[in-house]
Amino acid sequence: MNHFGFTINKDNTIDYDNNDRSLANEVLSHEPSLYRCIQCGSCAGTCTAGSFTDYNFRKMHLLMRRGEIQHLRLAVEKCILCGKCQLICPRGVNTRNVIRQIRIALDKMN
Amino acid sequence: MKFDPFVLPFTVGLTFMISVLLYQYFRWYLLLSAKEKTIVRTNLFTKRTFFGFREIFSESLFHKKIFAKNRLLGYMHMSLAFGWFLLIIVGHLETSAYFGKAFEAPYVPIFLRFFQNEATHQTAQFGYWFVMDTILLFILSGVFLAWYKRKKAKKFGLGRATKHAIGDRIALTVLWFIFPLRLLAESITSILYGGGSYLTFGLGSLMEGTIANEHTFYFSWWAYSISLGLFFIFLPFSRYMHIPTEIGLIMLRNWGLKTEKNKMSCISQFELHSCSSCGICLDTCQLTTDLNSCYSQAPYLYKSVRNANLTDAKLNDCLMCGRCELSCVVGISNNNLRQSIRNKVSNKTESNLNYLNDIKLQPINKADVIYFAGCMSHLTPGIKRAMESIFKAASVNFSHLDQYESVCCGRPMMLAGMTKQALPLINKNKDLIAQSGAKILVTSCPICYKVFKEDYNLDIEVVHHTTYLQNLIDSGKLRLQKSEMKVVYHDPCELGRGSGIYEAPRQVIKRVASLKKTDYEKEQALCCGGSLANTILTSSERNILANAALKKMTNDKIHTVVTACPLCKKTFASAQKEIAIKDIAEIVEMNLIPMKVIRTKSKKVPSELLLNNNI
Amino acid sequence: MKETEKHILIVGAGPAGIEAAEHLSDLGYQISIVEKDEAIGGKLNNWHQLFPDHRPAKEVLSHLVNKLPKNVKFYLNSTVTKTIKEENLFNVEINGKTKIQCDSILLTVGFDVFDARIKEEYGYGIYDNVVTSADLEHIFNQNNKILTTQGKIPKKIAFINCVGSRDEKVGNLYCSSVCCVTGVKQAIEAKQMAPDAEVFMFYMDIRMYGRFYEDLYLEAQEKYHVQFIRGRLSEVAELQDGSLLLKADDTLAGCPIKVHADLVVLLIGFVPAASCNSLSKMLNIECAKDGFFAPCDVHIDRNSTGTEGIYMAGACTGPKNLEASLADARSAALKIHYHLVHGKATNLINELS
Amino acid sequence: MILEGKKRVWNEYQKEIADDKYFYARSCIRQNFFPGAEKTFLQIMRNELGKEVYDDPKHTTCTGIAYHTDIIPLETIMTVVARQFSLMSESGYENYVPSCITSFGIYTEILELWEHNPELEEKARDFLYKSTKREFKKPKNLAHASDVIFKFRNEIAQKAKHRLVNCNTGEPLRVIEHIGCHYARMFPHKGVGGAEYPYVLAGLAESFGGEVVDYPERRTCCGFGFRQYLVQANRGYSVACSKRKFESMAPFNPDVIITNCPGCPYFLDRWQYVISEMEGKIYGQNGHGIPVLTFEELAGLMMGYNPWDIGLQMHQISIEPLLDKIGIEYNMHNKYCDAEGNFMGKPEIPELVKFY
């Protein structure tokens, strides 16, 4: 292989069908309330970790459901489980358990 | 040496049990930290050991605490435990009296009737026989009640019988067979070879010619021995492990050892194995009574930890409200144990909170009193506003630790079993507190209060806002009017059972409203259902718990519930609309009598300046 | 003439037309209805089940039709070709031949569904497995089974919102209000018929404005695991096996997404009925910029047309759901009755000003 | 695929193309990328179809590259375009035929601009007169060279010696047509078949017996994009566009890609080599890559011209497999010889893509 002084841009389209969404299904089966999420962002707005870093709980579990889990571990480690998101979620999603189940699924994966 | 092959199952079972027990206890002994060893050594030869033995008698044999709960249940346990103890003691006395030698093979006293039959019978025997038969009858009454309890748990003051794992169920049935088989064996022996008193001889004569013959005689002794042997083999792996282990636990506790929140220490293992799955705690758990969810309570948790089939839901579907600790007759500290197990499970979970070091919060301005509202209060701003106006009314030099953005106190993360992962939070908050230079830290959230008190070891005074309000009132800094509002007070779990604060809130409320009694006061308080310790409950289940608790606490005359925790307030308020939910600070703020503003010729002199020097 | 002999002509025998006819004939008027198709009930004939409770459309249709009094005169397969107004009477010519006279005209010509072929990039009429929500209701009505043109049960079904609405490129800026709830309803029905299919919905906003609509949405999420992807569909491409590749931007994930689907259902919106502008010219009724009849006063008087004696109701005055259409028809009936009884050009605005 | 659906679309986008007397404006880059292309076009138009095509040496660039790299103001573009038109009217022609798609886009855009704001046209006239003392008349008909070939596709098909059919199996070759973005993207009605389903190349392929294959990324840009490939920092984005197209067309295993703009064939051709070098991935059958032809080259091949005269040896992706499929003889020896037959030198052989 030789390089001509540049790299080919990576296609950032989510390839939904070829993505491996087994982790998402695992988390969803243990915490079915996540199905109810309407992505309104109330959780991400009140999130302490979210206000200090680029961490966004809503976007994190959305990408997980799309099978984009490259940055999942890095993101989920920032959560301090304070529970503010769960307190105001208008759809009653058990957000703290979603975080825990993601961690369990990630550990089980590797 | 008296011997017959039928004693083999008993002996094998007994030796097996003892070796397993010794192995286990030795393993737990290794867990003793140096500090704990010194505590034990210092208290070994003191009256604490005497108290320990006394407690063993009153609890392990008489089960005094179960009697207090329900006499029938108490009698059943006492008859089995104390009865079996007497059987062994009196059996040994009879053997040594009969054979005239102090020592005999260990199995002989248990099967004395068998070995006794060929010699002539001295008169003293009749006395023993009578006593032994009475003790056996006493135990058999317990066995019958045990069987009856499985069917009609309610008669025994139990909402439901615990669902036992297979191992427990086998051990249970084997236990039920031991004494009836002994009765059978002794009755057949007494009719064929004499011996025995009214019970055994009576039953034996009924069986004369029909059942009682050489074969059934020998077979019955074999059956008795096998049942004992089996029970001993099963004991270390079943709920009956609690029989020997509780004795050890009582001694350790009397010597002053305590369980910790994030380590499975020696005494934690003793507590874990002292749970007999008796099910008394199940009825105090609101998950059982209000949600009919009965799979994750303490007995089931310890069962699956001991059998190594722990599921995530069983470990985490618990409010950790501490109500079951009140009713546990063995006195197991369920919360500490559960949190230690959670810590062990989540030990390797990585967490990366380094971003806390480089976040820039508003500068904390210096003040005597620093007020930490906590994450939850950002979503119940009423409490924060109330505290602000109270501080101003009492002209306290205070400042906020988390005015707009707060770093969580760390306890919710610790409740999920991530104690060491929560350290960065604790350190960050400690810096902020240090920056304030305050001497008193006031927090309006019991969850934060408990962690500040127990895990932060701050050198300044930590006060929950209920106690702080009481101090303000007592020191005359707050002038309040009493409204006719009829309220009841809900003790938040972390404040009441968690931190032992019951009186302060009640005194404060009495100054501003008429406080009515509920039948769930102080330690008996109900959990609001919003606990962060439970990550499995769905939001609708939390609402059911909250509504059930509110219904139990109020009647149609009460329209306001006062609590002292933002999470309880949020949970109760979002679960229903009929009952107004107020925090203590809010009802105090409502009834503040504003300070007079003293005018002078030149300019208005703010009351704070004047007030300070005339109090 | 006694009130009862007064004769009212209703143009359009859809739900609004029938509802108005029933109430007016109860009030004793002579009713005749002109309908361009041969079936009564308008679009209700094409629907399988109605939102929000999946009630069979036939049930409501037969309820409406049975309510119709016997003395209503029908002109099926016919349209109004000419109308001349003399003081309070209208001479109406039907199909260019039959002439009738009536005291008042009620326009309930309803709406048409958007012709999805105009949205070329979605490939309706070009790709095999792109259907519209109207087609899907028809499929449900036919064999109650959901199949691709290749006859297979689809493993992935995608519902596309706002096709032909809120879209300057197709000339319709308005929101047709009922396609979201129809889409969620159909997503549930599709999942019931193909239980292990994965159902998606590409949306910009989910406008579940009606009563009990939100429950439908929650049920679709929780019980049927319908996946809602917020990204207006950009284009559809057909693969060799007839399945489709959908391209959209997943706005909430912040990057584009491509999803395969075996069946794509385009949730088509309302467009003004073809007869709307011909009637508006004939009876010089003003059409608003969205092509539907313009209301006299958007709050107070939605049924008058500005020409005395001519009234309008139902979907021809703008997209609305069935219950709103029926309510609109009832209010128009009352207005006509008010007009015919008092005989003067009274509408509420004059009284107010 | 519902054919009637596509046909219905095509009927809505009919376009009027002049049938003779063309003023031919050459492309700046088509000559260097594919030297034989324009010669073949002229040869077909003049010798095969007997049309009058005036090739005026005095005409300049249409300013396309400068326009799309944002380095010249609109006034300059209008003046140059006006001068081109004045050359046309001066030499007595009214049908303007640009050879490059970007030019076609610019001329269409400027004409539309003038139509909607006549004052700009006056300005252009004024500038042209001040700078060159020239007058100009707007062309009666503006059509791209591929439109013209499209118009006479059936006459060419009759005269053709070969067809886009696999000579061994008799099956039609699978043809991918790629339309230059500036052809119909900005003004759908100025392109045969509109923007969504342009028919200009599809019609050509079908009349030559090929089967047009529609793959999902058929309307994605080839990656030329002026500023993208010019600046090395952006070149990765340019290659990524082509790669996205190749990834999408690969499952359809096409035999040939035909284009109508000078830029697209160049990049679809070259980037296949670059992708193989950088990522070791080769599209098309057994490591050959997918050959890329412009419409004139295709027409020339069909007419039976010698592939080397058309300049196909200058392509990066070897053309030989396609020629074998169609059954066109070619002589490997004089592949790299000039017209007089002396050897011009052989290009370096790529590491991965098979090259003869």
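Order of writing sets the labels: A, B, C and D. Residues in every chain begin at 1.
Criterion: a residue touches a chain if its C-beta (ideal position, glycine included) is under 8 Å from a C-beta of that chain, and two chains touch if they have at least 3 such contacts.
Just so we're clear, the structure is a prediction, and the values are computed from it rather than from any experiment.
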item	value
Contact-richer chain pair [A-D vs A-C]	A-C
Central subunit by CA centre of mass proxy	A
Distance from the mean Cα position of chain D to that of chain A, given in whole angstrom	46
Computed distance of Cα centres, chain C from chain A, in Å	40
Length of the line joining the C-alpha centres of chain B and chain C, rounded to whole Å	64
Averaged-CA centre spacing for the pair chain D and chain B, given as whole angstrom	83
Touching pairs among all chains present in the structure	A-B, A-C, A-D, C-D
In the complex, chain A residues that touch chain B	30, 33, 46, 48-49, 51-53, 73-74, 77-78, 80-84, 87-89, 92-94, 96-97, 100-101, 103-104, 107
Parts of chain D lying in touch with chain C, wherever the complex brings them together	1-2, 4-6, 8-9, 194, 196-197, 214-219, 251-252
Interface residues, chain C side, partner chain D - complex	117, 120-121, 123, 125-128, 235, 237-240, 245, 247
Footprint of chain D on chain A - complex, ascending	1-11
Residues of chain B defined as touching chain A within the complex	312, 316, 348-353, 355-356, 359, 375-376, 378-379, 405-408, 410, 412-413, 416, 418, 422, 425, 532, 535-540, 567, 570
